[in-house]
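For reference, the structures are reproduced in the following blocks.
In what comes next, chain A is part of two complexes: it sits with chain B in the first one and with chain C in the second one.
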Partner chain A sequence: MRLTQGTFSFLPDLTDEQITAQVQYCIDQGWAVNIEFTDDPHPRNTYWDMWGLPMFDIRDAAGVMGELASCRKIYGDRYIRISGFDASHGWESVRLSFIVNRPANEPGFALERQESDGRRILYSTRAYAAQLPEGERYS
Partner chain B sequence: MNAIDKRDRRDRYAAGVMKYQDMGYWQPDYVPKDTDVIAVFRITPQDGVDPIEAAAAVAGESSTATWTVVWTDRLTACDKYRAKAHRVEPVPGSPESWFAYIAYDIDLFEPGSIANLTASIIGNVFGFKPLKALRLEDMRLPVAYVKTFDGPPTGIVVERERLDKFGRPLLGATVKPKLGLSGRNYGRVVYEALKGGLDFTKDDENINSQPFMHWRDRFLYCMEAVNRAQAVTGEVKGTYLNVTAATMEDMYERAEFAKSIGSCIVMIDLVIGYTAIQSMSKWARRNDMVLHLHRAGHSTYTRQKSHGVSFRVIAKWMRLAGVDHIHAGTVVGKLEGDPATTKGYYDICREDFLPQRLENGIFFDQSFASLRKTMPVASGGIHAGQMHQLLDLFGDDVVLQFGGGTIGHPMGIQAGATANRVALEAMVLARNEGRDIVNEGPDILAAASRHCTPLRQALDVWKDVTFNYTSTDAPDFVPTASVAG
Partner chain C sequence: MAATLMAIPADAADAAPGAVDLRADFEASGLPEIFAQLDQEMVGLAPIKRRLREIAALLLVDRARQRFGLAVGAPTLHMSFTGNPGTGKTTLALKMAAILHRLGYVRRGHLVTVTRDDLVGQYIGHTAPKTKEVLKRAAGGVLFIDEAYYLYRPENERDYGQESIEILLQVMENQRDDLVVILAGYADRMDRFFQANPGFRSRVAHHIDFPDYGEEELLEIGERQLEAMNYRLSPQAKAVFAQYIALRRGQPHFANGRSIRNALDRARLRQASRLFQRDDGPLSVDDLTVIEAEDILASRVFAGTPDSQVADKEAPS
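And now, the complex of A and B:
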């Protein structure tokens, strides 16, 4: 399967040149740029691990791309996403978020059903990869 | 200070009939207070009726007056409670009609009640005989009154955080055919559309609980579809379960059931009424539920320029009443919507402070005082080939709802959904790269379709479909430097 979280997951994987353009767009909007990674792709996994602090004062996308290259060197077998964070009043949240790195093999999710009363079913989604301990999931 | 003070009170309150303007409802030198509610009406007086008298009559009939003088006014601080028509000006290009500005003291209204606000402002006065027609064009709601409302239970930002979807419009589809599918078949449409790439599917306004599909059946099959699609894509998905029903008790029962089976969103129709909407908003707030409002029925009173209530006013009331989504027009689709007017509706939903913009039909500066934002929904006759226009018109914070444009795809629902999602992502990518999407849009779509067969097929089928009709409702005001209110 292909995990389709993030803004551009239905397009072919972005090239570094395309990623640079999106990062520069975030910077030009005045948003802080953040790099995060995970090997638990569950749709409700909100807190991916941060690659350092969000880059609040960066002016040039090249700096972000340098950080991304370093992150890929260590966590290239995991999901990595870039997000733009807007601290202005009334938003104070993420404005753009897209995946820039994914594991070679994405085994997907099992859907577990627990039958309950009155035809009700309690669903839970489990990532096949997450059965293994963190760090061993995609290597 | 005003006309009434200059009159002998004994004359003013003598029994009999008196002109409304002489009763104090016309005060041309009145300066509205920051806490006043101000309404601007388009009035079309009967032949021979003076527009100022007509405006005063509207002020009177929507506040304290009746057709004759009553001495019991003198038991009250009636000068305060009287609404004050303070400005009347001709509607450009429409010799029979006038814009009348009327100010209402905030104490005329119960805090936090749309029902009470509307019972005054649109209660009696629309049937008043001396007027041929009457339209409520816009309202300035003072911060002091705005703050008595809860507003949207979720709002645009928190909805995005819950869904983990940022930086692009959300995509939806209304299940079609809107009537007749069984629960099991209905869920199939939901599953295919969500798996193919949509974020949401939606019940139509008239899907409640009918012989062909009872509501519980629909809810259960829909949640199977939502959860399956989530597992297949790894994305959060949702379907607006319509809980509209005959009674509040029924609606609460359906909403509780939707919650118990894990839905993140429920929907209601505008026809349930303002009080029911506010009740459901409070319920949604207590239960972490996104609340979608379908504006079923609004065109009966919003569409004609001469009579009724403008949708911009309905949109303001609904943001106060507290809905997270509201249908607000598509411009390019099959339903009524002039671009400038529609922009006004979207701004009402999404801005915290809205400056007067006469070209968009916005007559007043309006602050929403940090009330959460309502996500506008564009639905009705739109397709992937219009993606550049839709993104340019509406920006990111909108749900683009492709019903026929998903389900009518020649290769099926999933292909239709994928076509829409790919078209959208390609267009957002290009916009962020600084490309001129309005002019390059068709090229951007064509390039994206080279790696996406479903998009190519969608573009082939619908490339020439447009709905070019003249709008019946467009702003008449030419922008000027004058200050309204």
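And now, the complex of A and C:
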């Protein structure tokens, strides 16, 4: 099951050229570009691991793309996303976030039902991949 | 405008279809303004201005060739600026970034100025991230490495400079379309640096030597600097200042444009205290803007030389 989250999530995966254009857009808006990765695909997993520090003082997307290439070299089998953080007053939050790398095989999620008191049912999603320990999930 | 770029015949505009109009290209690129600005703002440096125009012409021709599908090797644009301190290396690097940006060889045209401190780390494993950080920042622009020879310290074999040099060389070779590296430093030490690192020598296409300024050029530079600050020299002061330049040039640690600026800063200081001590009524605009001969004559340079007797005379020879 193809994971969809963030901007452009219902488009086909972006090519490197398209990623470069998006990153350049972030830079031109004055946002700090950040690269994050994870192997826990759960939608509520908002805190991904950071690849280095957010890049605040970059003028050209080539620098970010270089970092992305080295991140892919090591974590190419995990999800990688790029986010643009707007530090200006009143925003101070992420303005753009999109997935730039995904594992070759995405097993998807199981829907779990838990019978609770009375006739109540609690639902939860569990990623099949997350059954394995961290770091072994997609290799 | 220089001969190189003016030599293109004016009737090239009505050339046959399938032809390229270099002159129109040149106009459209916005380079004429930059060159005019260069001529206006920078005194002297004729060989360098000529060289810049040659490079610009080469890049324009390369672009034209590309349009016809003629094979064009990506030009190597890394440069080395050698010359004594204060000869305008950094100022020109800024201009270079603008020129390359107009020609489309760098995407952003910003200049990142670094020295050894910014590239070389203090312990094992510190250097590579530091250097890469700088390269990341400079991507799409021009990386200006001032006093580049400090990167290489042969006397200390455990120095981390070598690591930084290796990363730089790799990037200079593989990411030629991402950034242009300009190395700068004193001529003799840069020569030794290039001898010790032949990889650098072969990757740097343009070696540009900055000549020292002549006395008249220095005087003009001084006057321009004053003009920018809304000061001017009185006729006597101008004569004294010319003499000051001649004397100062013979002394050690002369740093061309920078020494001139420092001398003028001190002259402004003396002018201010002279005005402050005067008690003959309010000051006019003229009083505030004119630097008199005595402001310059008080300099140590005149006292330090044997023929400093001129300091006593009002109008020196």
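The rule we apply is simple: the second predicted complex is superposed on the first by the 138 of 139 C-alpha atoms of A that agree within 3 Å, B and C clash if a C-alpha of one lies under 4 Å from a C-alpha of the other, contacts with A are read in each partner's own complex, and residues count from 1 in each chain.
Simple rule for what comes next: a contact is a pair of C-beta atoms (placed from the backbone, for glycine too) under 8 Å apart; a residue touches a chain by one contact, two chains touch by 3 or more.
Please read all numbers here as calculations on a predicted model, not as lab measurements.
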| item | value |
| --- | --- |
| Simultaneous placement of chain C and chain B on chain A, clash or fit | fit |
| Partner touching more residues of chain A, whether chain B or chain C | B |
| First, second, both or neither for A:Asn34, with chain B first and chain C second | neither |
| Arrangement angle, chain B at one end, chain C at the other, chain A at the vertex (C-alpha, nearest 10°) | 100 |
| Partner chain in contact with A:Asn101 - chain B first, chain C second, else both or neither | neither |
| Chain B versus chain C as contact partner of A:Thr4, first or second or both or neither | first |
| Per-pair minimum CA distance [chain C against chain B, superposed on A] in Å | 16 |
| Overlapping contact positions on chain A, where the chain C interface meets the chain B interface | none |
| In the complex, chain C residues that touch chain A | 107-108, 110, 132, 135-137, 139-141, 175, 178-179 |
| Complex contact set, residues of chain A against chain C | 55, 57-64, 66-67 |
| Partner chain B, residues of chain A touching it in the complex | 1, 3-5, 7-12, 14, 18, 21-22, 25, 41-44, 46, 83-84, 89-98, 108-111, 119-123, 125, 127 |
| Complex contacts: residues of chain B adjacent to chain A | 157, 160-161, 164-168, 197, 216, 220, 223-224, 227-228, 230-236, 260-262, 352, 370, 373, 418, 421-422, 425-426, 428-429, 432-434, 448, 451 |
